Each structure stands twice: as C-alpha cells, then as structure tokens.
Amino acid sequence: MTDLVSTIIAKYNYWIYITLMMIGLYAMIAKNNLIKKIVGMSMFQTAIILFYVSIGVKKGATIPILEYSHGHGHDTQLVVHAADYVNPLPHVLMLTAIVVGVATLGVALALSIRIYDRYNTLEEDEILTQIREEK
Amino acid sequence: METIETITSIKPLLAVLISLLVVPILVSSRTPNVREAWTFVAAIAKFLLVISMLPVVLNGAEIVYTVAEVLPGVAIKFRVDAFGMLFALVSSSLWIVTTIYSIGYMRGLKEHSQTRYFCYFALALSATIGVAFSANLLTMYLFYEMLSFATYPLVTHHQDREARSSGRKYLLYIVGTSIAFVLPAMMISYSLAGTLEFSGQGFLAGTSSKEVTILLLVLFLFGFAKAGIMPFHSWLPAAMVAPTPVSALLHAVAVVKVGVFSIVRVLTGVFGTDLLLSLNLGTFIVYLASFTILVGSLIALSQDGLKRRLAFSTIAQLSYIVLGVGLLSPKGITGGVVHIAMHAFGKITLFMCAGAIFVATGKKNISEMVGIGRRMPITMTAFFIASLSIIGLPPCGGFLSKWYLVLGSLEAHQMPILFVLLTSSLLNAAYFMPIVYKAFFCTPQEAMFENTVQEAPLFCVVPLVITAIISIILFFYPQPFFRLADIMVRNITGM
Amino acid sequence: MSQQYPALLVVVPLLSAMIISIAGWVNKRWCFPIAVAALGVAACSSVGLLLQVLDQGKVIYLMGGWPPPMGIAYYIDHLNGLVLPVVSIVALLNLIAAKKSIEQQFPDKIGPFYSLYVLMVAGLLGIVATGDAFNLYVLLEIAALTGYGLLAMGEERAPLATLNYLYMGTIGACFYLLGVGYLYIVTGSLNMVDIAGILPDLYQSKAVLAAFIICMVGVWLKMAFFPLHAWLPNAYTYASSAATGLIAPLVTKVMIYVMIRLMLTVFTPAFVFSFLNVSDAIVWLAVIAIVTGGVLALAERDLKKMLAYIIVAEVGYMVGGAWLGNRDGMTGAILHIVNDALMTLCVFLVVGNIVYKVKSYAFENLQGLFRKMPFTMGAFVIGAMSIIGVPPTCGFFSKWYLITGAIAAGHYAFMAALLFSSLVSVVLFFRVFEICFHEPFSDNHGHDHHSEAMDEAPLSMLVPLLIVAATLIVVGLYTGVIVNQIIQFAIPASLV
Amino acid sequence: MDIIVCVLLFAGLFFFTGGAVGILRFPDFYSRLHPAGKLDTLGSLLTMTAFALYNLHHFSLGALLTSSKMILIIVFVFVASPTATHAIVDAGVRAGLEPWTSGEKRR
Amino acid sequence: MDTIFLYSSLYLAFLMLLSLYRAVLGPTVLDRMIGVNAIGSKTTVLLIMIGLLYHRVDMFVDIALAYAMLNFIAVLAASRYFHKRKGLYDEEP
Amino acid sequence: MIWQLDLAILTLVVITGIGALMVKDLLGAAILFGAYSFMMCLLWSIMGAVDVAFTEASVGAGVSAVFFVAAVFRTTRRTKD
Amino acid sequence: MKIIGLIISVLTGAMLVYAAADFPAWSDPSSPASTYLSPHFIEKTMEETSVPNIVTAVLADYRSFDTMFETAVIFSAGLVCFFLLRTTRRKESETETTHYRHTLTGVTIQIKEGHTLPPSDEFERIDSLWTPSGLIIKTSCRLLVPFIQLFGLYVIAHGHYSPGGGFQGGVILGASIIMLAISYDLRTIIERISEKMVAVLCAVGVLIFSGTGALCLLLGVNFLDYNALAPILLVDPLTARSHAILIVEIGVGVAVMTTMIWLYCNLSSAGKYNQGL
C-alpha cells in the first residue's frame, strides 16, 4: 500500500499530465462545438508541454541560467556543475512547442471564423445537418 | 535434351513495337486514306518482320532479346521459338487481311471514330505479338493485360447501352480473372521456383507439392479466361456487339487465341509435360475441355444470331486446342497447336461473312438469311468452305488438325475423347450446315430483302475469299505449321 | 558546394518562401519564377544527394557545426536519398502544372499561395532529411500548418474538412511528440541514430513500448491509416486542385517514410519484429484498410473523393508491406512510396486538368472526355493502370514485391487484399473510363455521334502530366535498378 | 528588516484574503468588483513592497535594479488594475446588468 | 524566511482556489472576468515568491512584469466585447 | 522545484481545465482558458523552466486569450456544451 | 461520440499510466534525461557560446535549426490566416456602408458606397457598432504602451542573461500594438502600420534568421555555424556566436511581433480590415 502511495506521489506530475491530456483528448473527440474543441486541443498540447518540463526537473537544482555576475566578463572561470541546474533541453523543445501551439491556434480560429461565415453556427451537428439538407 | 541455339536480335521487339509506333501517325493523319495506308504499311511491315525470322526458327534456333531487367531474375524479355512463331505468323498475316476488310466494313457502314478504331486495333496487334514472343510469364502477363485493355474500346465501339454493358462483362471476366487468378499463380510460381522463364520442360518440376501444383493449374486454366473455358466463357458472346472486323480478328484470332496460347505456354513452359503426366493432371484438363466442347456446341445449336452462334462455336473450338495439349501426347499436341492456325483461318472467314452480310443487308439473325446465297454467292461459298474447315472435313485445313487430335487421343489411350471429338464434329455440322442449306436452297419470303441487295463492297469480299482459299490451301500445304509444331513438340518432350 | 546539398535542400525553399511572400506584395509576376527556381534548386540538390549517397554511402550534415547528440544533424542514407528526389520533383512538377489553375482560382492571393506551397515543400523535405526526432516534429508542424492553409482554400466545405484535419493532425503530431518525449525520458537523447544505439538495453522497458505505440498511432493518424482515416477524403476532395496535387501525393507518403524510418532506424527491426509480436495484427489492420478503402471508393460518385479513398487503400498497402517483417515486404513498401507518389500525382494532375476545363469532377459531368481531352485521359489511363497494377507501369512492381513479401510471410490474407484492391481499382477506373468514353446517349441508336471539338488543357498543364505519365512507365522498367542499387541498401541487413 | 517584510507580507495576504472572500461572498457583480478591484490592488502593493525590501537585504546594484522592477510592477498594477476594473464595470453596464438591491435573490 | 514564503505562497494558491470558484461557477461572464482578474493579480505575486524561493528573483521579476502588463490586455479585450456586442447571455442570432 | 506548491497548482490546473471545457459560454471558456495559461505559467516557473514560463505568460495572457476573444467576437458565444 | 471519446481517452490514459510506471521517479537527478545530454549543455555553454542563459544558447545556437523552423511556423500561421480570411472583394449583395460621426453634435450618419462625405473636418469615421470611446481606457493604454514596448525591446536584447529572448519580446511588442488596437480601434492601427508593412516585416524577420544561417553557408562552413561570422562582425569567434544569437533573436522578435499583429487584425476583423474588436 505504501509502495503504491509512494509511486503515486513520486510521479504526481506524470499522472496529472495524463489526466490533462485525456481531458483535452476527450474534449477534442466528444465536444460538439468547434471552439470548444480548439480549447481542448490547446489543453492537449499544454499537457505534453507539462510532460516535457517535468522531465527536466531535477531535485535541488536551480533554473537553467548560469549564475553570472555582471561586470566581470569572461575572466572569471565559473565552475559549473550539471547537477546544479535544471535540464535545459526540454525547455528549449517546449518553447518551440508553445509557438507551434499558438500558430495552430491561430489557424484553427481562422478556420472556425470561415466556417461560421458560411453556416452561421459553430455546432458540428448543426453544420452537418445543414450540409445534408443542401444535398 | 539438346541445346538450342539462341540468337540475340532486336527484331522481336521491332515486331511488337511497329504497330505501337504507328499509332501517333494514325492519330495525327488528316485524311482517312492516309491513315489506312499507314495501317496497311504497318501490317505488312509487321508480317515481313515475322516472316524474316521464320527461317531461323525453322532451323531450330531461337531469337532472344532482353528489354530490361525489372525484377531480380525476371526481365521483360522476348524469345521467338517455334510455337510463338506459329502464332505470330497467323496473327500478323491475318492483320493484313483484316485491315482490308476493316476498311470496307467501316466505310461501308460509315462508322464513327474510325481513327480510334484503327489505333486500338494496332495496339491490340502489338499486344498479341508480344504475347507470342514473350520469353517469360511476366512479359506474357504484361501483354496479356495490354491486350485486354486495348480491346475494350473496340468492344464498346458503338458507345450505346448494349456496348457498355457488354464492355463491362468483357472486362470483368478478362481482367478480373487475370488479376484474381493469374497474378497470384504467377507470384506463387515465382516464390517457388525463383524464376518465371519458360523452359522446355517447365520450371515448376520438383519445386512444388501435388496440391500446390493442382492449385496453380486450376488458377492458370481459369485465369486465362480469354481461352473461354467454361464457366468463364460468357464474355465471348457478349463481346459480339463489337463491329464485325473486331469480332473477326480479335474474337477469332487475337484475343481468344492469346488465351489458348497462354494456357498452352503455361502447360508446357511452366508445368512441363512430364510433371503433368506424373501427376496425371492431363486427364483433368482433357475432361474440362471436353465438357466445354460439348456444351459449347450444344448451345451454339440453339442460337439464332449468326455472330452469337459463331461465338459459341469458337468457345467449343478453342477447347479442342486445350484438349489436344492436355492429351500430353506428341500427336495430340501437334494437333492442338496446328488447330490454332486452322481454326483461325476458318473462323475469321465465317466472321467476315457475317459482317459482309450485315454490311450488305443489315441482317444479323440466321432466320432472316433464307435464300441469301443467291444474292451473295461469293460470300456464302466462302462461308461454306470455312464451315467445312471448322467441322473438320477435307479438303480443308481443319481436317488435318482434327485428324491429329484423334490420333493423339488414341496415342494417349483416351477412348472417351475420341467420342467427344466425333460427337462434336457432328454437332458442328448440325449447326453450320442448316445455314448453308437455307442460304442456297430455300426461297426467301417476300419483302425479306430489298431488291437492291448485292454483294458487299469489294474491300469486304476480297479478304474473305482470300482466307477461304487459304483454308483450302492449308489442307494441301500445311508443312510450315507442322514443321513449327514438330520443333515445338521436340522441344517440350525432349525427343 | 556539393557538401552543402542537405542544407540547400531545405534552406533554399525556406528563404525563397519568404522572398515570394515579399514579392507577392511588390510584384506578383515574380512569385512563380522564384518558386520554380527554388524548387528547381531543391530538386537538383536532392538528386545530387542521391548520387552522393550512391557514391559514398551515408551523408551526414551537421547543422550549425555541432556534433550530433548536441546539435541537429541530417542523415542522408539510401532510404531518404530515394525519397528526397521524389518529393522535390513531384512538388516541382505539380507547381508548374498548377500555375494556370492557381491564377484562375486565387488571382489576388498568388503570393501567399506560392509562399505556403514552397514552405510546405521545405517542411516535407526536412522531414525526410532530418536525423533528429524533435526536429522532425517541428518540420511536421510546418508542413501541416501550411497544408491546412492550402487545403482550406477550396470549395465551400473545405474549411470544415480542414478543421477536422487540423484536429486530427494536431493529435497525431502531439502523439508523435509525446512518443519522442518517452524516448527522451528513457534515453536522454533526441538523435535518431543515438537513440537506436541506446535502446537495445531498454527493450524490456514499458516506456519504450509505449513510446513506440504512441509514435506509431501519431504517424498513422497523419497518414490516415485505416481506423484513423476519416479526415482524409473530405479534406482532399474539397481543396483546390493545385493544393491536392501537392498534398495528396506527398503527405501520406512522407508519413509512411517517417513510419519506416522509425521502424528501421530508431526502434530497429530487432525490436519491432522480433521483440514485439504485433506484426500480424497490424497487417490485418492493413488488410481491412485496403478492403475498406476500396469498398468506400466504390460508393463514391465523384472522381476526387474516389481517388481520396484509393489513397486510404494505398496507405494500407504500404503499412502492411512494412509490417510484414521481411525484406520483400519492406522493399515493396519503400518502392511503393516512390510509385504511389508518382501515380497519385498523375491522377490528381488529371483531375486538375479536368477541373480546369470542365469545372467539375462529379461523374455525371465527365461524359465525352476521351474525345475532348485525349492526352489528359491518356495519362489518366496510364495512371489508372499503375494504380490497378498492370505491367509495365510501376504500380505493378511494387505490388509484386508486396505480394512476394506476403507469400514469404505466409500472410495470404494480405495477398488476397492486394488482389481484391486491384480488382476494385479496375471496377473503379473503368467506371470512370466508361463515363468518359461514352458520350451522352442519344435516343437514335445511330452512328452519327455529334462530334465535340477537342478542348485540351493548356500546354503548361499538359506537359508535366505527360512527363509524369511517362515516368510511371520508365520507373516501372527501371525497378530492378532501383531495388538493386538503392532500396537494397536502405533496409538493414538484420531484416531478413 | 525581516520583521518589516513579514508584517507587510502578512498585511498583503490579509487584504488578498479579504478580496478572495469578497469575490466569493458578495451578492452580485457590482459589489464583487469592489473587493476585486481594491483589495487585490492593495494586496499586491503591500506584498510587492515586502519583496522589494527583502530583496535589498543583500544590497548590490543588481538587487537594486530588481527591486526597482518590482516597484515598476506596482506602478503598473496601480494603472492597469483600476482601468481593468473600469472596463469590466463598463461592460457590465453596457451588457445591461441591473445592480443588486437588498432582498433580492443572490446572484 | 523561505518557510514563510513557502507557506504564504501555498496560502495564495488556496486563495486562488477561492477566486477560481467564482471564475468557474460565476453566473455571468463578467463574474468570471472578475475571478480571473483576481487570479491574475495573485499570480504576479506568486511569481515573485517563486523567484524568492529559488533565490533567483532577478530572473523571475521580468516574467512578473510582463505578466502584469499583459494580463491587462485579456481583460480589456473581453470587456471590449461587451462594448460591441449587446446582451449578457446569448446573442440574438 | 517546489513540490508543495507544485501539487497545489497542479490541482488548480486540472480544475481550471475542466472548468474551461464545461462552461456553456464561449466567451467564458476563452476567459477561463486565459486562467488556465496563468496556472501553467506558474507551474513552469515552479519547475524552474523560466523561459517556458515567460513564453507562456506572454502568449497565454497577452495573445492567445485575445485571439480567442476576437474569434468569439467574430463568430458567436453560443454553445450547446 | 461522447462514449467513443470517453473510451478512447480512458484507454489511452490507461496505456500511458501503465507506461509511466517505468519512468524514473520525478525530479530524479540521475535519470537518463538529466545525465546523458544536458550536462554537456550546462557545463559547456559558457565556453562554447558565452551565453549564460543556457536555454537561449541551446535555442539559438545548438538547436538553432529548430528555432528557425519555429519562426517559419509562426510566419506560416500568419500567412495562412491571411490567406484564409482576407477578403479583398466583397460579396455582391453587400454594399459597403461607412459610418461617420459629427464631432460637434454627436450625430451619426451612414454613407452608402458611392456617395461621398461633405468636405468637412468635423466628421470622424467610426465603426458600425460604435460606442463612445472610453477615455479612461484610452488614456491609460496610451500611458502604458510605450513602457510595454520598451520592456519588449529589453526582453529581446537581454535574452542572453535572463529569461526572455526574441520570441517573448516579440509577443510583448505585438501585444502592445494589439492593446492599442483594442483601446482605440483597428483602423487606427492599420493606418499607422499598414498591412503590407506587417506582411513584409514578418517575412523579413524570418529572412534575418535564415539569412544569417545562409550567410554562414556562403562563407564556407555549415549552415548556421556562427563562427564564420567573426570577420564580418569584427569580433573573435566566441563573441561572434553571442552576437549572432542576438541578431537571430532580433529576427525572431520582428517576425513574431508582426505575425501577432497580423493574426489579430485578420481574426478580429474576419479578414475585412475595416473594424475590429
């Protein structure tokens, strides 16, 4: 029992990321409103970012910016220990992923505006009904 | 087994390509005369190319040309051997005749889209020669499919509803079986033997179990549905909606003979007679063929449309060839192979006659042809000669091949087959002779013909006279075909 | 310059996409030449790369000069060396062919269209060339985003279909990203070759298994593999013909390349085929994909949607072939990437020409096309033959390898599905040919058909089409060379 | 020094608490704006000041810069927060929301 | 001191929960806006606190500053919506 | 990494996320999505990912919420779920 | 659909949970991710690029190729939105009506297309859904915007030493312009920053980035290998890297800023560019 609890605690971030991701995925599949789906999509993406950032975390480490004192320039050779700093690589990757997320968001919203112009609704079932009636 | 001398030459490729190359010229030519002149030139050139290779083959050598190696161990490759030569000879020579006939027929009926017609005709001939000269199964399959697709526009030439439904049926049977049966059979053979090259003794021997061999045999037999073995025969009557020259060349010579040719090639070049004999599969083939012969002939009896009757006759006659090879005895094979030629010349005459009658009178049904022999004596005489050939009576070529078949069945100790052959000959007579009888000896009812009915145009009549005469000549001078058949039999039996 | 090919391949299209975008605001006439020049450079460098690879084996290009695990490296081996020229040449041909229809359809947005087009090609080329798992994701997204833009500008229903594609595509890309994350968490590396080196010790790890499954599902979503194919037909049908001409041949094929790359390089055949025991199930899925694709295509009454469903079936071919787990199947799958890209391009260019002239692709409006556009239809016949699998067109040979692989693997259902698909294709295409061949039936069953004048598409659309059609046959004839010289080396020796 | 910081911090937290409770408990939109607008701003002011002071503990040029940035944040909040509150009220009025009067049902 | 900051930050998180109640369940959109605005102002403070906990506050202050500036825009945009679109709940089709 | 705060904020994130999806009003969803970004920003900074937090702050607070509102402004607020 | 969605998400979630059991524990310093690649970045960044912010160094140097495409992604998002939404030709049924307000009396007049306004300075053009301008909002925004922009520039320039960089700074700059557009109206912004300029700058931003890389390529080294820029920047190779990162960040900033404006203008006016939020 304690084993299970400790597993749950030790990977709390991972469980939450899975939860968030599944909420997003569920919203993308099950929601009827196009904008709601976009919200779900953004959540889905953020969950993955959460996952990546969680990978980078290191116990007892600080943010990945070297302690750098102004004015001394390159003269002082700093001794940097990898264990002191959080893993920077996932952060880099996730910066890119966030940007991709914003870009996708913009395009998705543009598309939904186009759809609204045409069908005057954002509910998927209503749009499909309209399409069927047109035929 | 003796080694066969091989000569590398580009001639087979040229023979295949020449009708292909002429297509752009046909498309771009402005006047019908120029177009038909080119067709004619191509036909003659093709025939000459084929003839030029004849001496080499008659000397027992083979001509080989590899175009490209497309798969490991499998190339697109041409090989001219005796059997292919025989078939190429028949089809290329008949193209010339049919071209003449087509000109007459198409102009006589003022058909539309004549350019298209001639183009696809040329394409189909390319494919036919390609099948004849192919050195392996893949090349054969290639040209077999090409032929299927090239003839589709010819079958549906009239572009009406009937043509469309017949075209569908045609494609369904021909392409469907080739993809569903031949292709997997070919793949299985390849994976078993690692090669697809036809060889005298077949390449499958010793590589597969009996069950697989039987499976392959069935797949190949039914897969080449162009041969019209029952139950995959019903495309043939349906395809009779095509213009008569098409029926004549393609459904008496090119298409159906390609089917039979392919079956024979596969039986001899892939399985090999020894394998079939050792597994006693010949009997199966023979009975299958006998069934088709008898049923086909019986159905032919009940048909009123002349072309349909001829079509069913064709179905029956094609199985003679399969039967001959299925006997697996040298005489039987010789008979079957020579029957390709004999039947071709006979049947094409019959179709041309049917076409000539249609051009002259517009009649399609036998019941409407009472007394027609008096109006069109030349046509009907040719018809009479050709039907004698088909029935297998002297002095026509058909007699010889049938004779060999009978000998072959005796040689193979297949007494029932003898009866099948005799019965079917009787049936042949029963469905042809009444036509001739009615045409010459019955008086037509009144107003059946308009008074102006005369012989068909010259372009129509000349070809059928030529082929009828050839049918007779072949009785007296069948040597080239028998020589080729002999060489082939020697190759495959190793004697 | 020759050692810079991998960079030129991607960077020249990227730079020129920007320049085109600017040119679109200055002078629209410059857009097209710049785009053609950019793709021409890309095509030349991809061919140059292929020759280099044939000459000296693997080519490695370090972006920014950083050695592989730190920086991003491009690995060009025989596999992507083969796919790169296909992508760039297909894109170039379609660009030339689509010029007229772009000008007809988007007269005031020429600049953005060409810019997106070239950018998308840059993305696709990058996906194929890159050796970094995360870089692939970024490029995937760039190809996807530009693709959404290109696809959505079509008919009235295009935005909705594209939005659905966007949802699915985003899920797919995110799944891929997640899978890369799983790999990263257990290996600590993002470089494909590097990961492959670390993985063998970790085969037992559930995380690696999950990474594999997630990556595969993501990639399948993007390539519209069977249960996940629902977005594809609508998205491809309602888009403009210029866009489908690029996207339909390339996107699914590139995704299949990614799948094969993941299977062969990242997870290695030892893991995929020996350790996991799922090949059978996936080949069965592929069988279902092929059959469903064919059957659904039968139900369609317009040309473009029918072709879209055929793409679904073709995806089944390649996935099934890759998962057969033997050399022949894999060869067939790789060969089919090339062939299918070409033949899909061929048929979609035909559709483009038809739409340009007839303004419709519904079956009932295609009557008499053989007379009206003989050359276009001739190319269509060749393309169709290739899809059906008739020798000597190239489609036959990849099918041949796939079937050989199926026989070798003892997977006869897959063989049957391939044959079934060929039969269905015959029915599909001859239904179209029949309609195009016959003109409207007149009541008098006569021989005097009113002859319509020939009304062929303009030369700039026709010439690329005919080149593609000829290529179909040429590639078919050179299959032996392609397999022996290139594909043979693309498959690791461990895969028997 | 620490004591001042703590006092300021706790005072800030106190106001934040008030704001949160107010947002939670007040009956209608307009009344809720009061705690949200005022108390949060004040809470920010106090806590930020506390942090700025705490940051100056180890005095250096960089720390001064940081502290001044915090002051800048306060200035910002002091400009932005009322404006935001104003905008929200404006929106409420335009949207036609009636103010709550005592005895009505809570909204 | 760190402990104090830690617990006050946890307390702030609790207060955010209270605001969140209004944001999620608030009957009108405007109530949600109030809630979110309140969360925003607490977030700014929290960011600084995290910085203090990391002992790298100079790195976090930029984020907080940017945050304070930009949080404003979203609220402005949302309220601007009501300037142009009448009706609180649904709009007339 | 401050794990106590991490847990607290993670819980808030999930609540906000569910809330954003449950709200029967698109404008409300947009606003709550903004709040979701705030939480995420906090979360990143708690985990030491300052650059990611900065990006999320500027994007989530400044831009993506505005985009949502703009899109809702141009379409409709109505939603059935 | 709801049930399908539920099943799919639960199944996926179950699989992920199952796989997560094999992860190294959260925040474990000895996990492969923390020990394999990242120590190199953390320890060598300073000597190889002389940028203390490791994230910036990795982003703009080690993995700058990713970042270049990230910029291209942003650019393509702007372009796609423009491509999809921008309508230059109206539907035939709609005739454009412009609204004007007489500043002295507050009378609003509508002018149909084809008619012209009496020549007078007393009319100002307004949106169709006009609301009296909020003086408070306008003023405070006008007050804040310069500071925000200044801060944005600072973030771009200071990315080497603190969190921030081209992307964040660009977004802040863009957001400040959006703020102006919200508090005034869209036309005010479009009059000052024309659409053409936005679009061109957006492309120019990406061009700066990829052009820097291409310049390296022209100078004979690999793409994006900033060392080669040392002779041009007149510094030693190490500093050249640092400077090149700054150049690149500026490119990103320009691209992101303009894209954000572009996206906002297109989204909020639904591509008509007449009136926005």
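Just a few scattered comments:
By letter and in written order, the chains are A, B, C, D, E, F and G; residue numbering begins at 1 in each of them.
Note that a residue touches a chain if its C-beta (ideal position, glycine included) is under 8 Å from a C-beta of that chain, and two chains touch if they have at least 3 such contacts.
Everything quoted here is computed from the prediction, not taken from an experiment.
Graph distance from chain B to chain E, where chains that touch are one step apart, equals 3.
Note on connectivity: the fewest chain-to-chain touch steps from chain D to chain G number 1.
Counting C-beta pairs in contact across F-G and across B-C gives the higher total for B-C.
A separation of 10 Å divides the Cα centre of chain E from that of chain F.
Work out the mean CA point of chain A and of chain B, and you get 70 Å between them. If you average the Cα atoms of chain E and of chain G, the two centres end up 23 Å apart. Distance between chain B and chain F, defined via averaged C-alpha coordinates, is recorded as 77 Å.
For chain A, residues touching at least two other chains, in rising order: 12-13, 19, 21, 23, 25, 28, 32, 54-65, 70, 89-93, 95-96, 99-100, 102-104, 106-107, 109, 111-114.
Multi-chain contact residues of chain F, defined as those touching 2 or more other chains: 1, 30, 48, 50-51, 53-55, 58-59, 62-63, 66-67, 69-74, 76, 78. Across the assembly, chain C contributes 134, 138, 141, 145, 148-149, 152, 159, 184-185, 190 as residues in contact with two or more other chains. For chain C in complex with chain B, the touching residues are 374, 381, 385, 388-392, 397, 400, 403-404, 407-408, 415, 419, 422-423, 426-427, 430, 433-434, 437-439, 441, 445, 447-449, 451, 476-480, 483-484. Touching chain D in their complex are the following residues of chain G: 131, 134, 136-137, 140-141, 143-144, 147. The residues of chain G lying in touch with chain C in their complex are 15-16, 18-24, 31-38, 40-41, 61-66, 68-70, 72-73, 75-77, 79-80, 82-84, 86, 88-89, 196, 199-200, 202-204, 206-207, 210-211, 213-214, 217, 221-227.
Across the complex, chain E is touched by residues 62-63, 65, 120 of chain A.
Of all the residues in chain A, the ones that touch chain G in their complex are 7, 10-15, 18-19, 21-23, 25-26, 28-30, 32, 54-61, 63-68, 70, 74, 78, 80-85, 87-93, 95-96, 99-100, 102-104, 106-107, 109-111, 113-114, 117.
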